[in-house]
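In what comes next, chain A is part of two complexes: it sits with chain B in the first one and with chain C in the second one.
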Partner chain A sequence: MKDNVELVVVGAGPAGLEAAITASQAGMDVVLIDTSPKLGGQYFKQVPESFQSDDRTGNQAKANKLFQRLRSSTVKVFHNTLVWGIFEGSTPGTWCLTLYGPGVPERINARAVILATGAFDRSIPFPGWDLPGVITAGAALTMIKSQRILPGKRVILSGTGPLLLEAAALLIEGGAEVVGVCESAANLIWRGIPYLPAVWGQWGRLREGLGYIKTLAGARVPYRLGSAVTSARGEDRVNEVTMAKLDRNKKPIPQSEVRQAVDTVVIGYNLTPSTELCRQLECELEFDGGRGGFIPRRNERMETSCPGIYAVGDCAGIGGAEMARIEGRIAGYAAAGKLGHMPEQSVLRGISREEPGLRHEQRFAELLGDLFSPPAALYTLAGPDTIICRCEQVTLGQIREAISYGAQSVSDVKNMVRSGMGNCQGRTCGSIVAHILAVQTGRSLEDVRYLNIRPPVHPVPINVVEEHQQGLRNLEQGMARE
Partner chain B sequence: MSSDNNYDVVVIGAGVIGCSIAYHLTAAGLKTALLDRGQVGAGASGANFGMVQSNDAELKYSIPMVKLSYSRYDHLEEELGMQVGFRRIGSLRLLSTEEQWKGSEERAKILSANGIPYEFVTPDRIKEIEPMVDVRNLFGATYASYQGQLNPFLLMWAYLRRAIPMGLSLHTYTEVTGFGIDSGRMRSVRTNRGNFNAGVVVLATAAWTKALGKMIGYDWNIHTFRASAMVTEPVYDLKLNTILTTADHIEMEVTGKEDTELTVLALSQTPDNHFLIAQADRPGKSLSSLISHAAPKTIAMMAGRYIPALRPARLLRTWTAPTTYTDDGCPLIGPVKGIDGLILAASYRSAIVHSPLSGEVMTQLITTGKCEIVDIRPFSPERQMQQAETIYAVKSTSTETDDKA
Partner chain C sequence: MRITKITTNLPALRRGKTIEVIVDGRRVEAFEGELVSTVLQAENICIFGRKHTTGRPSGIYCGMGVCYECLVTIDGTPNIRACQTFAADQMVIETTGNVKP
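Moving on to the complex of A and B:
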């Protein structure tokens, strides 16, 4: 199989699809790689045919149009494939991506790479957050949308942001009893007024949001602004939570605590950009709390500090699907221009056509980022015995002790107690430890930095890394030998 | 940064050497700052197997220093009041041919004469020591039964945990941009986070020493290569008793014939059952911490070739760090001629074994002006070097490529 291409796009969500289509229409040779079996990513997730519903939001129609355009393009798609590593290539100015998937080459060399790897859920730890039955909003949405599984019968949701509302609405429609939605932000309307111009034109989204709120109201589900689930209890599974109102500084008010019997807790404190591949290459990052923390520094063409590496969509800062699509197209033009498939003038024309829309989306993202930032004070909910790093089973007490030895960055803490050294390389605990460290030492989140990510992005078997296909087949047949 | 940026000593490089030096200086009452361009242990100190290795000593001058420093480990955890995972463990180097043994014969003689166990063992004996090894194609092995292993991060933090409450000022992510030198005397260190004034500056900077030297007109004899390794998830059904290495190597091009990864097998199982697998060496001047596309593949190939049962194990992470060697295999330790107050403590072979003593040596040197603990004259930064035994040199320097990242 051919293993040299002009452009590899990683991630087949809204950003990656637009990028791949735009670049291939300019005449580029494009491979699009995604870990899932279908196009769409999280936002345009394709559900089994028998699950197709009425498409109230119009998302399905939009997605289908995009899929259709991709299918009629020359883009080659590798499904079920993990890009586990990204390296400097064997000729200067090229990049080498190592792959793990069925029937795909073990490595592919590209002259340009567009990273469109999306985002993942952000959690804030509290006593009991690691009990079975406590799940993220993203997990809840996936279970309901693509597997038609109700995660529980009696559910409480806690966190911040619109994703929580969507999860609540779908849980109600699926037949779950939702006992409440705790939104840590307060005074949403009052604080939103300065941003009104940014909301102008976001009618589709407002309609979507209002639809969810209507569903909540119809089921008489309380939407509790300025509150949070502060602990969960249970033996084999969660059976009770405590929720509390938050004061002005977002600290729980003890007198306001209420206990509630539930079998499922859905947590979603907005999203974290999936910057792993950028960090593997040590692209320069900058801190933007409202966009999800550390994100790659980019020029106006979406190119990172590594020449030929572009980052678009939520992986470059939380901004939503519309912004992702615009950024994807811009990067598509830029990559086509860089490799000589498009004259500079056309690149500039293409980019300037996208600019008004991009600015509009940026203002809206700023609004959402400001309204729904995970409150720092909630990072004090965990107790000394609460597990913070689930992979390596590291408790808050151990992390505090490491900090007391003089740790100055999340890497220092990791090196002492292994938080972030496990399977997920700190995807979940990295930013949690950063908050704990910042609070305990008085440093800023920017100052305590982020964890290095090294290949592989997810654990892969040694026989895949040695590119030993025969060995792999033998193993699959249960015969581990040379 | 605090307004009081005046120190007795600034130590640059928070690795296993720099942390020990900073600890001993602070304990001796000197106002000390420790700087690093990254986090603690960001260079080679945080990228190795934690081997406390005496069998690797340079044979002509280093053995007394290595032995003395190794003996400090008998009480180090007690002294520092913290467990650093230290344990005694043997090390076994598999030999495929008689020639490979011939290359180690002199080493075996000298080490044994100096009380460092190091012997040739037959394939049958290998089987007893390490049942997991397939001995069919082996000529034998060298076996160093009295080596050690620890967690290098915990070692560094054990020093710092003691030193910081005593007044050590630690500055991570602080990169040196220049030196303030006034009429031949060290006055200050300039960094991206302000100036640090001190009359004495110690460079415990391993691979970065050469670049720092060039800032002030020195070109010390230090060569750089990048060493890479990887770690698996815990593997519970395989048991390794030693640190296992091979004399055989494979070579794979990175960007061309002049730029290759040279990979030997080095294998170790941590107390919590992760396998550490190394190592691929890439000669060159680059200090980049990005692993090459060739290194994970060659390391995995070596692991699969010698221990096929490891193949299904999942790889958690790979990494790389620049490390160094000198032409004569000896470190650079001592005052730099021409700049009063500038001292080197760089390019140790097997730095961890040297860690405890390096701090004592530097502290005595700085407080008394001389070193009586061990003879450090052979390690003078300005010495004329002769090419020593080359088995540890990665590749002859003539093939060094300037592979800037």
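Moving on to the complex of A and C:
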């Protein structure tokens, strides 16, 4: 199989699909890589091959159109494939991606790479959050939408943002008893007023949101603004939670605590951009709390500080599917221009055509980021015995001890107590440890930074890494002979 | 619990053909296209493994391959993500192992 291409796009969600289609239409030779067996990512998630769905929703129609355009293009797709590292290629100005998947080359060289790796749910730990039965909003949505399985019978939701509403509505439609939705943000209406211009024109989103609220109201489910689930209890599965109202500073008010029997807790404090590959490449990052924390710094062509590496969609700052699609197209034009497939004039024309839409989406993302930022004060819900790093079973107490012994960064804490060293490579606990550090040392998140990422960015069998090393050695020897 | 209701946001859906998997030595009916995590959930199994250091139970958390909390042993291979693996006829799934990686 050919292992030299002009462009590799990582991630087949809305951003990656648009990027791949745009670049290939300009005449580029494109490979699109995704971890899952089907196109669409999380947003346009398809039901499995062997299921037959009668989905005629507008969203599905949009997705199908995109899939159709991809299938009629020359883009080659590698499914079920992990990109576990990106390295400087053997010829200057190229990048080498190391892959793990069925029937794909171990390495692929590209002159440009567009990262469209998306985002995942942000977690805020509380006592009992690691019990079976406590799941993320993304998990609940995936189970219901693409597998038609109900995560539980009696459910409470806690977190912030529109995803929580969608999860609640689908749980109700699927037949679960939803006992309440705790939304940590308060005064949504008042705080939303300055943003009215940003909402103008977002009719599809508003209709969707209103639909969910109607479903909640129809089932008489309380939507509690300014509250949160503060702890969960159970032996082998959660069976009870405590929820509380939050004060002005987002601290739980002890007198307002209420206990509730449930078998499932759905938590979703907005999303975290999946920046692992950017960080492994040591792209310059910038901090934007409203867009999900540290995100790659980009120019107006979506190019990061690493030349030829572009980042688009939620992995470059939470902005939603529509923004992801626009950014994907812009990066597609930019990459095509860089490699001489499109005259500069056409690139500029393409980008300026996307600009009004992009600005509109950016304003809306600002609104969502401001209204639904996960409140920092909630990071104090965890107790000394609460597990923070699930993989390595590291408690808050151990992390605090490491800090008191002088740990200055998330990486220091990792070196001392192993938090972030397990299977998920700090995806779940990395930002939590950063918050704990910031609170305990009185520093800002920008200052505390984030976990360094080294390849492999996903766990792969050790022989895969070994084979890559051997390949590199052969390559070096070959070059030495030349 | 498998959802059979049809609603606005959950349009009609037909699962794949019936298959049989072996969960902790027990024969269990499942459907083609279902994830291992779905099959276990339908059987009311919520503990997929136990942490080797503390013995705390673990199961589904992120549901999208990020957190590695749902690891099970499949056909003898340990540490496979149940949420990313489709069930197949006669697949042997073990939930208790969670061998140290």
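Rule of thumb we're sticking to: the second predicted complex is superposed on the first by the 455 of 482 C-alpha atoms of A that agree within 3 Å, B and C clash if a C-alpha of one lies under 4 Å from a C-alpha of the other, contacts with A are read in each partner's own complex, and residues count from 1 in each chain.
The working rule: a residue touches a chain if its C-beta (ideal position, glycine included) is under 8 Å from a C-beta of that chain, and two chains touch if they have at least 3 such contacts.
All values reported here derive from a predicted model rather than from experimental measurement.
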{"item": "Contacts of A:P459 with chain B and chain C, given as first, second, both or neither", "value": "both"}
{"item": "First (chain B), second (chain C), both or neither touched by A:A382", "value": "neither"}
{"item": "Touched partner set for A:A336, first chain B, second chain C, both or neither", "value": "neither"}
{"item": "Touching partner for A:G406 - first (chain B), second (chain C), both, neither", "value": "first"}
{"item": "A:S90 touches, of chain B and chain C: first, second, both or neither?", "value": "first"}
{"item": "Which superposed partner A:Q42 touches (first chain B, second chain C, both, neither)", "value": "second"}
{"item": "Partner chain(s) touched by A:N423 [first = chain B, second = chain C, both, neither]", "value": "both"}
{"item": "Touched partner set for A:V181, first chain B, second chain C, both or neither", "value": "neither"}
{"item": "Touched partner set for A:L150, first chain B, second chain C, both or neither", "value": "second"}
{"item": "Intersection of chain A interface sets (partners chain B, chain C)", "value": "422-423, 459"}
{"item": "Touching residues (chain side chain A, partner chain C) in the complex", "value": "35-37, 42, 47-57, 120-121, 130-136, 138-140, 142-145, 147-151, 153, 169-170, 173-175, 211, 236-237, 387, 390-393, 422-424, 427-428, 459"}
{"item": "Chain A-touching residues of chain C, taken from the complex the two chains share", "value": "1-5, 7-17, 31-35, 38, 41-42, 46-48, 51, 53-54, 56-69, 71, 79, 83-84, 86, 101"}
{"item": "List of chain B residues in touch with chain A within their complex", "value": "38-42, 46, 153-154, 157, 160-161, 164, 170, 172-173, 232-233, 253-256, 289-293, 296-297, 299-301, 303-305, 308-319, 405"}
{"item": "Parts of chain A lying in touch with chain B, wherever the complex brings them together", "value": "85, 87-92, 96, 98, 107, 280-282, 402, 405-406, 408-409, 411-412, 415-416, 421-423, 425, 449, 452, 454-456, 459-463, 465-468, 471, 475, 480-482"}
